[in-house]
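First chain written, first letter: the chains are A, B, C, D and E, and each begins at residue 1.
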């Protein structure tokens, strides 16, 4: 097992390199296709060519290969890798450093990622907790009595969540929950501010660093929550007929325990995969939810970088995400072995 | 022996033994099969008996290629099948079929019985023309005593014994030369068991099949086997013809085993001379030195701990026996 | 012992006249042999009211997609800004949108791109995901490593970035501006497939890992079954359930994803309409003109629900234990 | 009138904190040109001149005087009592060194082009010897300082322009012309995070990226108005919907810019707490004159006449914009209502003109806009109008991301009408004419070239006085609205909302809300 | 914690200790399947007393396991439904009690050993966990105590190195060991009645002998009643007091163990005994019962065994179904022609 982990960790290297290359290639092709992203900084006004050239060269976007469609710009990639190897992730178009690890400890070295990461970690934790707990719980309840009203109401409500695009959902929640209901709460004297302004605030607030992330976290977790719930339901439903469940019943265990321990544990294997995946999926979601709820996290920065076409930011953020994702995945794979002892890794 | 269809040479299978969930480390080997030499002649039935966990199923899996041997070879008609690969393995498998021990898990829950039994024909289309498959399947189902009505049912709709018969039908489909039966009748009631055994018998006579027949039920083995091998902790401790083993067992383990066989006669209750083994079954991960049975043997002496008894014909044993003190003792007919 | 007091039935069971029971065709074995997981499932399904209702709804919606002119005589592109934002009336059943286009005809014409993108993407994602996930889980070793790493790489790309760039590349072929309706649809679907198969593949891989060492798989293996047979006859049916769930769920997601892409200008080109864009494009007006959002939602949600319910019914029908 | 509520004779209660919605600035140095930057810069910096809050007229701030005989060499005299927040004096060097820094090409300051009219600017830019495609990197620029900037003494200097320009003093109120402290030039990175300004407010702590910027009153400020609130908190929002939602949740005192789709609702809800005024952003549909189909003036006029601007504004934007009546902002001196005869909806006339021109021969007209910015709706409405009134079918091409879209425009590759916008750089109407329509105009994307117009611009720049200059520019506008190189659509409309706690709301026609002059009913509402 | 050894096993209201341990009366179970209604149990009646071993024998699929599941109350519904009859534990009809009451009877009063140990043990929990769970949930023990008891139980069923194996997973055990774990599990709470559904099928004879004598010993000590379901006629001969023979969901013969072997009274029993392999028949065909087991969706009219019976007459092929004729006290047979079968008179 130890060797398995070491081997997986070693595999991180090609994966990270692969992802970096993929990303490098995508951003390069992006620039090759859409032209110099700096141009867009000036909006409808056409900048002086000299200014444009100066900015372009300062941001290393003046490499001629960026003008040749389809050229993978391997030279640039190599330079980039060397820089990254020295923990230099470059700057954004406004010359803010993308990543400086000292920024975690010292404001003087603040960087885009170190500023944004704490928010995203918090929101992810909230989303994950909600997804895992609520998703598994309602999935389990629905799976216990398939075809009953609870099953259908879970089904219908998850379908609503799934089929309505996230940004629509986020906007609706913002309108009806944080604005209308929130305003009602804020009208009540007796409700503590942390609830009325924090939890039910329309946007992230410094004063309530955790409370005001709860609703964005819920929105973030919602999409994969639906999947988790459905997956759990199916899985529980399938395992309900297993012989060992019958044994558990014969042991005189309560229905709750029969389902909650004996059935659930076996049902969690596909669910665990999904949970692991959703950590990666949160990033896509965070781009939207963080923007809607004004959380200054990684998603927000990614969105900005995507639309401004800032390769350095994208690569910096994604390198970090890839690592997070890979670790999460490795944990899921190891979790398999915990959940299902029959699986062995050698 | 003349017409040997299957032979194993020093067949060994170790399973790595690990501890811990996250950081598993290998702490040893389970010596499930540890140097087995058997020969199977054409038309012969070799019974294999032994304590549970002694490696019978592992041996069977090795023989059909479901596990890769740690060392040793399996020779079928002169070819070492454990060294074959790809298509050749698949071809070779046709000749040697397995009836699995567990009738509950060995049938695909999402296939009808008809499909399960038809599968061998589909895998090896040369056995039966497409149009004939249906008929053959019905024949087989019928042959093993199942209702052809049930051809469209799913395994979970059958009782354990019925499922076992489905497994047998599947193994018979290809008319293989060798059939490995891993406790094929232990889930069956005696009448069906009798049917199955008659069936196996008939098939053997007609087609010259060879069987390796693994069972706990010694009376069943006695009925069907020409020769019997007794296994203990991954090794064969005694091997001989059925008469030799049953009437003149020379290894203490065999004797203990035979004495424990329940007799379907309530009048003998409490009157039989049972040899009750003392001590625990040693772990196959850490078998005792020398003779593996010595920890539970009433005859054990110092030599047993130091020197491993070979499976050979001995002074007081007309057939190979792996005991330094091999000696005939009739346990079957003994009463108190 | 064997003094057979023979009755007609005892000797050769094969010739026992088969009495027809309920659900068994009296014609006998020829028909009966047809029974397999799939044909049984089919028989099961056509008697399941929920399945039938879902499928009928899907058919209705599909007919909108295939023959929109059967449903409305209005041209969705006949718009007059003077008649903008009219409430539903006899003339305009669903009212008009902000540009004064008949919203009913939009709702009808919007079905085609939404449904075809969702269906093409789901099919593609499922096929690719199932096959690659299966290969990875089944063969393990370097196949698994390779596929898993590719999955990791694609998975860790931000979806929007990937989608925007791939669409940018595909756009070079100018497919998005074809006079035909399908090229842009296909382009969007391809993007969703490229970025979406990894989820299914991972789920599949997980299921295969736990299914591949079951006894019945070993049994088939010892019969000499080829790997493809092991994978597709034995493992697949027993490992597909979670994939069906994920696939039907993502079907809904793809309709939304198309809307997101279009919203960002990367998907369909207006004035083409789809349900997703109808929702996304009008969400701003939700407060005052709720019907502009509620109508496409009211079509989208039941459609997705129908697919999910039908998927569930299919999965249940494929589980013989539930019979 | 810039001031919304009538000021009462006694000074309004000052103090308190006002919370303002904003968005993430590109940077907090005067070199940055984006509006979130400028909003903050205007509170912590002060320029040579200011626009009066009441009528937008240019008045001196730090400048004692700005004078010229030939509109070419301008002499700037400074008041000597202004200080930077770190105690440095604001003197001629603060301006000269700062402007040189911004103008210096390799510093890559977005505001660099604003100094392009000063003699010697091009020496500060590097020129790539073998063109952009070439492998060689551009060398260092020839000079580090502009020869057109000359210090006379500590508190006066001269600025020499390459061409005469009567409006120059009006342009230096722009934030790009703010002075730079020495300490700031020495550490621009630090100064960006913790700006050292010379204005009525100074930063509290430093810039919290993506979260907020807080400024507090500067006790050492030498200007006339000391600023009303004690503290201004700029809260950063990424999307206007979010910021507006937070305003609705009572988290903000001022929110500039109700989202278009919420406009109608807000109008009903906030009544007189919503402040509306035409804004200076100009939206137009450019016509590619480099394309044969658009060469004919009558065709262009027909296209313009066939657009029912007000109907589009009402339907798509809930009446949020002011239909363009010319190409100059209604807020600007020199604006004339109804200047553009071709900007009224007249389907019959449009049809007739098109017929006169021999009809439309270009097949489907392709309407261009950049992707993801929500322009497709109103462009569809424009296209629908053409289809209905002129029988020209259209299609939309709205899938290009902004950089590519702009590049396409720069390369003159648009195949049909294209959406673009324009915002003034400084408070002088010239900003709406020269860059867009002069043959060499920096943002002339339609390819319009009219010697008559070029001459008028020249004459205007050399005019005796600003008032004289305006007359020439108005004549130029007349040419533009006759030739329709671009179809003017509308000017934006500010829709700023304020909380109940805001007492006096002050709006400057040129810069928008003046946060430093806002007073609160209860200054202690927010601790 | 260990002195919380109070018996938390609840008592059921209405229990009369004088009443027979378990009485099953006219139990009927059917499976409603797509292919029709399978009548798995068609009126089964028997009783078991404390300290007594009742063996139920019968062909595969005749309904032995279903009967056991019905008694335990763990039949999967749907498709299985109990359509009639009573199951009385100490005079209390369990079928009329609430789920919660029945739950407390399980494992505490009536425990069961399952036929298939691999699938009956939860693959993802250690054996120790699954054993300790009983003590923790029914006796309120702590984890550590539960585990201690689990080790004791594994020792009791002769699992070597119990202390180490307790934290192994079921798949790490051999078939026989799993079966012993199942046995340990069923004995954990000292039930009054043990239903052993083929408890030794997977065991080798030495272990089987140990286990059977173990069961017998425990039974003696605890006065435990036992229903032994098995195919192994040898085991039955060794341990059973009384035997019930089942065929097609009915009991066709009841008799004390000696009588059955000596003089079966039903043709099916007779045929069954004749199928046992015997040394003297080596090399010959074994006797089999011809024909097929009945299709439970279409049980023939009259005696269900009639299509396969050697003694069949016309009377056997029509309803009514032959009742259980009482031959002697304690011996009864459901054959119209039992006399002929016994060879009496």
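Everything below uses one rule, namely that contacts are C-beta pairs under 8 Å (C-beta built on N, C-alpha and C of every residue); 3 or more make two chains touch, one makes a residue touch a chain.
Please read all numbers here as calculations on a predicted model, not as lab measurements.
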Contact distance in steps, from chain A to chain D: 1
Which of A-C and A-E has more C-beta pairs touching across its chains: A-C
Averaging C-alpha coordinates per chain, one finds the centres of chain A and chain C separated by a number of Å equal to 25
Just the number, please: Cα centre separation of chain A and chain E in whole Å. 54
Separation of the C-alpha centres, chain B versus chain E, in whole Å, is 28
Chain B to chain C, mean C-alpha position gap in Å, rounds to 48
Please output the residue numbers of chain E that touch at least 2 other chains, ranges allowed. 33, 35, 116, 119, 287, 292, 295
Considering chain C alone, which of its residues make contact with at least two other chains? 13, 16, 24, 164, 168, 171, 263, 287, 319, 321, 323
Using the touch definition from the top, which residues of chain B touch two or more other chains? 102, 104-105, 145, 147, 149, 152, 157
Going by the contact rule at the top, pick out the chain E residues touching chain A in the complex. 69, 72-74, 76, 99, 103-108, 111-112, 114, 116, 119-125, 133-134, 137-138, 169, 171, 182, 185, 189
Show me the residue ranges of chain C that touch chain A in the complex, using the header's touch definition. 145, 149-150, 152-162, 164-166, 168-169, 171-172, 199, 202-203, 206-207, 209-210, 213, 241-242, 245-246, 249, 252-253, 255-257, 259-260, 263, 276, 279-280, 283, 286-287, 293, 297, 300-301, 303-305, 308-309, 312, 315, 319, 321
Interface residues, chain C side, partner chain B - complex: 12-14, 16, 18, 24, 29, 32-33, 35-37, 40, 214-226, 229, 233-234, 237-238, 318-321, 323
Chain B - residues contacting chain C, complex: 61, 64-66, 89-91, 93-94, 97-98, 100, 102, 105-112, 114-115, 119-120, 122-124, 134, 138-139, 142, 145, 147-149, 151-152, 154, 156-157, 167, 170, 174
Parts of chain D lying in touch with chain A, wherever the complex brings them together: 26-27, 33, 105-110, 112-113, 116, 122, 125-128, 132-135, 137-138, 189, 193, 206, 208-212, 236-239, 241-243, 245-246, 248-251, 372, 400-404, 406-407, 410, 420-423, 435, 442-443, 445
